[in-house]
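Both complexes below contain chain A, partnered by chain B and then by chain C.
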Partner chain A sequence: MAQAHVPMADKHRDRAPLFEGTAARFVGQKVLRKEDPRLVTGHGQYVDDIVLPGMVHAAFLRSNVAKGRITKLDTSPALALDGVIAVYTHADLRYVPGTIVATMMQAMGGAACPENLLATDDVRFVGDCIAVVVAESRYIAEDALELIDLVVVAETPVVNLEEALTDTHIVHKELGTNITGTIDIPRDPHIEGLLTESAHVVTATFNQARQTNSPMETRGIVASWDRFRGELQLHMSNQNPHEMRRRAADLLAVDESKVHVAQQDVGGGFGQKMFMPREEAVIVLLSREVGRPLKWIEDRRENLMASNHARRDRATVTFALDADKKIVAGYVDINEDAGAYPFGGAGAGAMAGMLLQGPYKLQRTAFKSYAVFTNTCGRAAYRGPWQFESVIREQMVEHVARRIGIDPVELRRRNVIQWEDLPWTTPMQVMVYDNMSPAETLDQAVEMIGYEAFRAEQKRAFEEEGRLLGIGFSLYIEPSAQNMGALATEGATVQISGTGKVDVFMGTGSHGQSIETTMAQIVAEELGVHVDDVEVHQGDSNTPFGGGTGGSRTASIVSGAGRAAAIQVRQKVFQIAAHLLEANPDDLEIDSSVISVKGTPAGKTVTLAQVSHTALYATEGLPPGMETGLEATARHRQEAVTWSNACHVCTVEINRNTGAVSFARYIVSEDCGLMINPMVVEGQVAGGVVQGIAGVLYEDFRYDADGNPLTTTFMDYLLPTAAEVPIIEHGHIETPSNTPGGYKGMGEGGAIGAPPCVFNAVADALWLLGVEVFDHPLGPNEILDALATAG
Partner chain B sequence: MKPAPFEYHAPETIADAVGLLAQHGDDAKPLAGGQSLVPLLSLRLTRFDHLVDLNKIGALSGISRDNGHVVIGAMTRHRAVELDPSIATSVPMLAAAMPWIGHFQIRNRGTIGGSIAHADPAAELPAVAAALDAELEITSKSGVRRVAAADFFQGTFMTAIDTGELLTAARFPVWGKGSGFAFTEFARRSGDFAIAGVGVGLEATGGKITRAAIAFMGMGPVPVRATDAEKALLGVSIASLDAAAVARVAVGATDPTGDVHASAANRTKIATHLAEQALTRAASNAAANA
Partner chain C sequence: MSEVTVHMSVNGTARRGRVEPRKTLADFLREDCVATSVHLACEHGVCGACTVIVDGVASRSCLMFAVQADGASITTAEGLANPDGSLGIVQDAFRQCHGLQCGFCTPGFVVSVTAFLQENADPSLEEIREGIAGNLCRCTGYQGIIKAVQHAAATMAGTPTAMTTSTEGN
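Take a look at the complex of A and B:
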C-alpha cells in the first residue's frame, strides 16, 4: 500500500521548540491504543451494562403517523398491567421553558423549534414521543405500550423540502411557517456582474441524501435520583458530560453540583450524543418522580427513525470563470431539511455558504441559506455538520470542468491557494486561512493515484471493452477546533501519585477518538514518563470543565490543556529533584521517569517516584516553603481555529448490468499538522471515509409520500461493511498549526471529503457515455436509471 | 424491541413437537435457528403464545441419501450443508447457493427447514428447491406427507405447511452425468437478501440439452420457474447456447415488484443479466461433466 509523508515548513519558525527537557518518545509515534485490549475483545462497558439495585425501565410510545391530532390518549389500561409503575404524558411533565435547550444554543438565540418533550395535542413525525411507560422490565413496558388507548386523526404531512417551502401545510403551528434560520448574504453589483458577464457561467443543482449517524451503541441513560442527598447520578452514552450535567441540573432546577454524569465506554455518536435529546430529558425529569434508578436504552429501530437525521440538503450553485478558467465568483442557494425537532441548531447552511470558496482563490462569493421544518426525524450534527460545502463545491468544480472542457485536476491547479498566498482572507472577510497545504495535498494525491496512467487506462478500457471506469477528486479545508464560546476552552488536571504514576483528568467524552491514548502520549511526552505510566480519566463530570468531544477539538484544545498542566508539574518535579540532587533545575532532564543532570550520563539521578514520594509522604525533604504534592490544573484557550486540509481521490468501476459501483483505489492525502499518533489519524480518516462512501452509495433514509419511514432496520438502511469498502491509502503532509504542539483537528475530515470524491468518480465514469448525475444517492437503482438515459 | 410474552417448549422428539403443535394450533410456532423468527417477534411484527423450539430434536438434523435423492433434515444448519463435500457433487446448485445466504454467523444458526418454511421471496433455498423440483417432507400427528416444491410455495411467507404440521426434511433429486449447475445473485452488500437471483441446471446427452431448470428469486412472491425458456432449451446444442436470448425469454416469466432498493424494471434488467451469466456457467459445467 502506498504511503507518502511530507513535512512542510513551519510558518512560525520563531516558535519555541516543541519539547523541552524530555526525550520526545511518544508524540508522533504509532503508540498502540490503550483502549483496544478491552474494546476489541468485546469487554467495553456501555450504558446498558449498568445495572443498579431496584432499577426500572422506560419505553416510549411513538407516533406511527407523520402528522396528526391526538383525539384520545387514555393510559389507564397500561397502568393496570402487572409490573407497570407509571405512565406519563406531556401533561404530567413539569419543566421550565428553555431548560431543554443546549447551553450553547441558548447563547445563540434559543430553540429553533417548539420545546415539547412529549407530544402535546398533536404528533409531528413518525417516531414522535407521545407517552412513556415505566415498568419493572423493558418487556413489560413494551407490553404496556400496546395497551395505551391512542387515537390520532391523521393530517397531511410535509415530507420534503419542496412541499415545506410552500407553507401549504405547517409542521409547527406555533411558528406559522416551515422556514427557519434564513441567512441572506446578497450578491453585490460586482458579483452580480461577474455572475452574468464572465467568460464561463455554469449553474447546477445538487441534492444530498438523508443519512443518520448510526452509532454502534444507540442512545441510553440510567438516571438515579437520591432523594436523601438530593442528588442525581447519570450514566449516559454521551459525548459531552459537562453539558449533560448542566442540562440535567437546569431541568430539575437543582444546583449543578447536585448532578454527577459518568460513563465508561461510549460506542460512537458522531454528533448525536453532543447535546441532551428529548427522550433523555424526559428520563431525567422522571427520575425524581419515580424514585428508583430509571433506565432507557434506545433500540435500533428507534435510533434509525427517531434519534436524528442529517445531510438532506439541496443547493443551486453558480460559478463564474474568466477566460483563463480562473473561478472569479460563486453564489449558492442552500436549502436544508431540519426535520420536525432538530436539536443543537437547525442546520449548518451558513457555514457551508461561508466555505463556498474552499481551498480556491475565489474572491467573490455570496449565498443564501435557509432550513425548513418537515414532518420527519429532526436534524442534528453528524460528523462534519457543514460538509455540504465540500459536496457543493467539489461536485461543481468537476461539473464545470466537464461543461467547459478542461481537466478537473488542471482546473483545480489553476485555482488552488498556494503556500505563498497564505495567510489568505476569505471573501466575506470573516476567516483567515493559514498553515494549510491544499496545493501540496492535491499534488500528492495526483502522484499517488498515478493520474495520467489512470486516464489512459480509462480510455482504453472504455474504447476496447466498453467498461466504465471513473476517477473523482475532492479538495477541502476544514476549520477545526473552534475558538468560540465553550468550544474554545478545555482544562486538564495532571497529578502524580506517591509511586510516580500519572493520573490525568479531562472533561472530554471520548466515543471512539482514542483520547485515553493520544492525551496520555502528550502528557507522557511533557513529563518524560512512559506512556504506560499515564492514565487518562475522562467521560465524567467530576473533571475540569470541557466543551465536549466533537468538532475535532481534542488534538489541539484538550492537548493544549494537558500539555500546559504537565509542563507545570514537570517544573515542580525539576525543582524538587534539583533540591534532592543539589543541582540547578534548569540543568535537569527527565527520561523514562529518571531525572538527571543534562550531559552527565554517569552522574547522580533521582526517579520520579522518589520525587513524588518526597512531595506526598516525605514532605520534610521538600525545599523550604514549597507546597506539597505534584499536581496542576491548567486550561487552554483556543485563539484561532486550525485549518486542516486534505485531498481525496478514488477510482471506481460501474457494472453496466447491475449498476453496482466497485472501488479500485481510495487515497487520502491529509494535512492535520503534526500527528500525535499517525495510526489514530489514519483510523479517524478511514472511519470518516466509510461514512462518506455510505452517504453516496449505501445509506439512504427514505420516507414514503405519507411520511412513513421505509428504512427502519439495518436490512434496508444499508451500512457498508468491510466487504464493501476499499483499502484506504494514506498520504501525510504535516504543516504545523500555530497552536501549542502544532496539531490541527481532523476527526471529521474523512466524512467531509469522501462524499464528493465518490460522487465525482461515479459521475466521471458515467460521463464516458455522456450521462450527467446531480443527486445522491447513487445506488444501483439510480445508476441503472442513469445508464438508461445514455444515447 | 422486545417480543410479546410467549410460553417456551423444548421437545426432544418429532412426536412431542407435532403433539405440541397440534395442541396449540395457530397459537404455536416452531422455532428453528431463530434468524428470521426472532427479529420478527422482537419487532412485534408477529406473536405466538407458544414457541416450540426444535433445537433439541436430534432426529431433525443430518444429510443422507435415499433413492436418488439427498435428504436433508429440517434442523440441519446452513453451514453444515455448505461445508459437506458430498453436497458439492450430488446437488451442486445447492452447494453454489449456500454461501450467498447471509453471513457465516447466520449460516451457523440458520437451518434448511427454517429457510424453506419461512419462504422469503428473496431467499436462496426456496429458489433452489423450486429449480430442482425438491420434495418437502411434512409431518403431523396423522403422519408424513411429501409436497412438491411447485405446490409448496404459495405466496410471500406462505407455504403448504398447515396448522399442526412440521417440515421435517427436504429431498433434493440428484441429477445424472452431463449435468451442470450455476447459482448467482445480486445484492447491494455482501450477505444481504438479494435484489434478484437465479439458479440454472442443464443436462445434456450427446451435446444436446435434455433437461433444463431455471428458477428466479426476488422476482415475484414465490420462486419463479422459467418454464417457457426451459422448454425452448430442450434439444438445443449445449455448445452453441445463446445465453442472452434464453435469459430474455426466461425473465419474461417473472413479475417483480419494486422496493426501496430497486424498481421492478431494474430488477428485470439485473435478473436478465444474472440469468445469462448462470446459463453460460451451467452450460460450461455441464460440458465439463459430459
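Take a look at the complex of A and C:
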C-alpha cells in the first residue's frame, strides 16, 4: 500500500524548538492506545453499564404521524400496570420553556422554534415525544407505552424543502413561517458582471441526501437527583461534559455547582452528543420528580428516526471563468432542511456559503442561504456540519470541466492557491488562509493514483470492453479548531503524585478519538516521562472548563492547554531538582523521569519521584519560600482557526447490469500539521472517509409523502460493512500550524472530502456514456435510472 | 409474568437465574451475569455488537431468549482474554492494528473474528471482508479491523506480521 510523507518547512515563523529539555520520544510516534486493553476485553464502561441502587427505567411514547393534533391522551391504563411508577406528559415538566436557538441563522434574528421538550397539544414529526413511562424495568415501561390511550388527528405535513418554502402548511404554528432564517450576501454589480459576461458561465443544482450520525452506542442517560443536597449526578453518553452540566443546571434552575457530569466510555457521537437534546433534557427534569436514579437508553429505531439528521441540502451554484479558465466569481443559493426541532450544528448553510471559495484563487463570491423547518427529524451537528461547501464546489469544478472541455486536474491546478500565495485573504475578507498545502496535496494524490495511466486504462476498458471506470477528486480546506465562544479555549491540570506518576485532568468528552493516548503523549513529551506514567482523566465536569470533543479541536486547543500546564510543572521540577543536585535549573534535562545535568552522562541524577516526594512529603527539602506540590492548571486560547487541508482521489467501476459501484483505489493526501500519532490520524481519516462514502452510495434516510420514515432499522438504513469499503491509502504532508506544537484539526476532514470525491468518480464513469448526474444518493436504483437515459 | 429458571456456563462460570421467558439472552448476560461486553447497538440482529459464542457457534444474543440458551456454554469477549488477564491473540491484534476507536462494536467483532478464524485459519483478504461483514463499525472504516484479522491469523499460524509499534518511544 502506498504511503507518502512529506514534511514541509514552516516558512513564516521562528518557532521555539519543540520539547526543550526533554527527549522527544512520544509525539509523532505510533503509540498504542491506552484505552484499548479495557475495550478489547469488553471492560469498557458505557452508560448502559451503569447500574445504581433503586434505579428505574424510562421509555418514550412517540408520535407515529408527522403532523397532527392530540385529541386524547389518557395515561391511566398505563399507570395501572404493575411495575409502572409514573407516567408523565408535558404538563408535568417543571421548566421554563424558551425557544431553541439552534441554527446560526436563528441566532441572526430568524425564527426560533418553541422548546417543547414533550408534545403540548400537537405532534410535529414521526418520533416526536408525547409521554414518558417510568417503570421498574425497561420491559415493563415498554409494555405500558402500549396501554396509553392516544388519539392524534393527522394534518397535512411539510415533508420536503420545496413544500416548506411555500408556507402552505406550517410546521410550528407559533411562527407562521417555515423559514428559520436567511443570510443574504447579495451580488454587487462587479460580481453580477462577472457572472453574466465572463467567457464561461456555468450553473448547476446539486442535492445532498439525508444522513444520520448513527453512533454504534445510541444516546443514553442516568440521572440521579439528591433531594436532600439539591444536587444532580449525571451519567450520560456525551461529547461535552461542561455543556451538559450547564444545560442541566439551567433546566433545573439550580447552580452549576449542584450538577456533576461523569462518564467513562462513549460509543461514538460524530456530533450527535455535543449538546443536550430533548429526550435527555426530559430525563434530567423527571429525575427530580421520580426521586430515584432514572435511566433512559435509546433504542436503534429511536436513534435512526428521532435523534438527529443532517446533510439534506440543495444548492444552485454558478461559476464564472475567464478565457484562461480561471474561476473569477461564484454564487450559490443554499437551502437546508432543518427538520422540526433542530439543535446545535444546524444552520450550516451560512458557513457553506462563506467557504465556497475553498482552496481556489476565487476573487469574488456571494451567497444566499436559508434553512426551513419540516415535519421531519431535526437537524444537528454531524461530522463536518458544513461539508456541503466542498460537495457544491468540488462537484461543480468537475461539472464545469466537463462543460468547457478541460481536464479536471488541470482546471484545479490553474486555480489552486499556491504556497507563495499565502497568507491569502478570502473574498469576503473574513478569513485569512495560512500554513496549508492544497496544491501539494493535489500533486501528491495525482502522483499516488497514477493519473495519466488511469485515464489510458479507462479509455481502453471502455472502448474495448464497454466497462465504466471513473476517477474523482476532491480538494478542500477546513477551518479546524474554531476560535468562537466556548470553543476557543480549553484548560488542563497536570499533577504529579508523590510517587512521580502524572495525572492530567481535561474537560474533553472522548468518544473514540484516542484522547487518553494522544494527550498523554503531549504531556509525557513535555515532562520527560514515559507515556505509560501519564493518565488522562476526562469526561467529567470536575475538570477545567472546556468546549467538549468535537469540531476537530482537541489536537490544537486541548493539547495547547496540556502542553502549557506540563511546561509549568516541568519548570518547577527543574527548580526543585536543581536545589537537590546543587545545579542550575537551566542546565537540567529530563528523560524517562530522570533529571540530570546536560552533557554529564555519568553525573549525579535525581528522579521525578524523588522530586515529587520532596514537594509533597518532605517539603522541608524544597528551595526556601517555594510553594509545595507539583501541579499546575493552564489554559490555552485559540487565536485563529487552523487550516487543515486534503485531496481525496478514488477510482471506481460501475456494474452496468446492477448499478452497483465498486472501488478500485481510494487515496487521501492530507495535511493536519505535525501528527501527534500517525496511527490515530489515519484511523480518524479512514473512519470519516467511509462515513462520507456511505452518504453518497449507501445511507439515505427516506420519508414517504406523508412524512413516515422508511429507514428505521439497519436493514433499511445501510451502514457500509467491511465488504464494501475500499482499502484506503494515505499520503501525509506536514505543514505546522501556528499553534503550540504545530498541530491542526483532523477529526472531520475525511467525512468532508469523501462525498464529492465518490460522487465525482461515479459521475466521471457515467460521462463515458454522456450521462450527467447531480444528486446524492447514487444507489443502484439511481445509477440504473441514469444508465437508462444513455443514448 | 411468570419466571423460569435457566442454567448456563458463561466464560466457564456456572450461572443460574430466574428470567421471564421473553428476556433476551443479551439482557440476561448483561444484567444477570455481569457480562457487559455484550453490547446492544440495534436489537434487531444486524449490527453484531451482541455476538457471543453459544456452544461453539457465534450467535446474536439479541435474537435469542435466555431460555433458548438453557444448558448452553457461552463465551463472551471477557472470556477471550488469557487466564492471567493479558489480551488474547485477537484482542491484541485489534490493539496493534488500531482496529477500534470508540470500542462499542469491538467485543462483538472480537467474538466474531475468533469464531471466523476457527473456521478459516488462513483467510484471503476477500474472505476476511465477507467474513466480518455481519458486524458494523461506525468509527474505523474497517481498515484497522481488516488488518487485525490478518495479523491475528498470522499470529495464530506462528508468522506474525511486522507491526511497527513504538510504545517504548524512539
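The working rule: the second predicted complex is superposed on the first by the 773 of 791 C-alpha atoms of A that agree within 3 Å, B and C clash if a C-alpha of one lies under 4 Å from a C-alpha of the other, contacts with A are read in each partner's own complex, and residues count from 1 in each chain.
Assume contacts are C-beta pairs under 8 Å (C-beta built on N, C-alpha and C of every residue); 3 or more make two chains touch, one makes a residue touch a chain.
Fair warning: this is a prediction, and the values are worked out from it, not measured in the lab.
Of the two partner chains, neither chain B nor chain C is touched by A:456.
When the shared chain is aligned, no partner comes close enough to touch A:107: not chain B, not chain C.
Judged by the touch definition given at the top, the superposed model places A:199 against neither chain B nor chain C.
Of the two partner chains, neither chain B nor chain C is touched by A:618.
By the touch criterion defined above, A:91 reaches neither chain B nor chain C. With both structures placed on the common chain, the touch criterion links A:151 to neither chain B nor chain C. When both complexes are overlaid on chain A, the residue A:660 reaches chain B alone and has no touch with chain C.
In the superposed three-chain model, the partner touching more residues of chain A is C, compared with the other of chain B and chain C. When the shared chain is aligned, chain C comes close enough to touch A:268, but chain B does not. Of the two partner chains, both chain B and chain C are touched by A:723. Under the contact criterion defined above, the residues of chain A that touch both chain B in one complex and chain C in the other are 139, 299-300, 713, 715, 721, 723. Against chain C, in their complex, chain A makes its touches with residues 23, 25-26, 29-33, 35-37, 39-46, 48-49, 139, 214-218, 265-268, 270, 299-300, 511-514, 530-532, 679-680, 682-684, 686-691, 713-715, 719, 721-723, 725, 727-728, 750.
Touching chain B in their complex are the following residues of chain A: 138-139, 142-143, 146, 299-301, 657-660, 698, 700, 702, 710-711, 713, 715-716, 718, 720-721, 723-724, 779-781, 784-785. The touching residues of chain B, when paired with chain A in their complex, are 1-5, 39, 43-44, 186, 188-193, 195, 260-263, 266, 269-270, 273. In the complex of the two chains, the chain C residues touching chain A come out as 20, 22-23, 30, 35-44, 46-47, 49, 76-78, 80-81, 87, 91-92, 94-96, 98, 100-107, 110, 128-130, 132-146, 164-167, 169-170.
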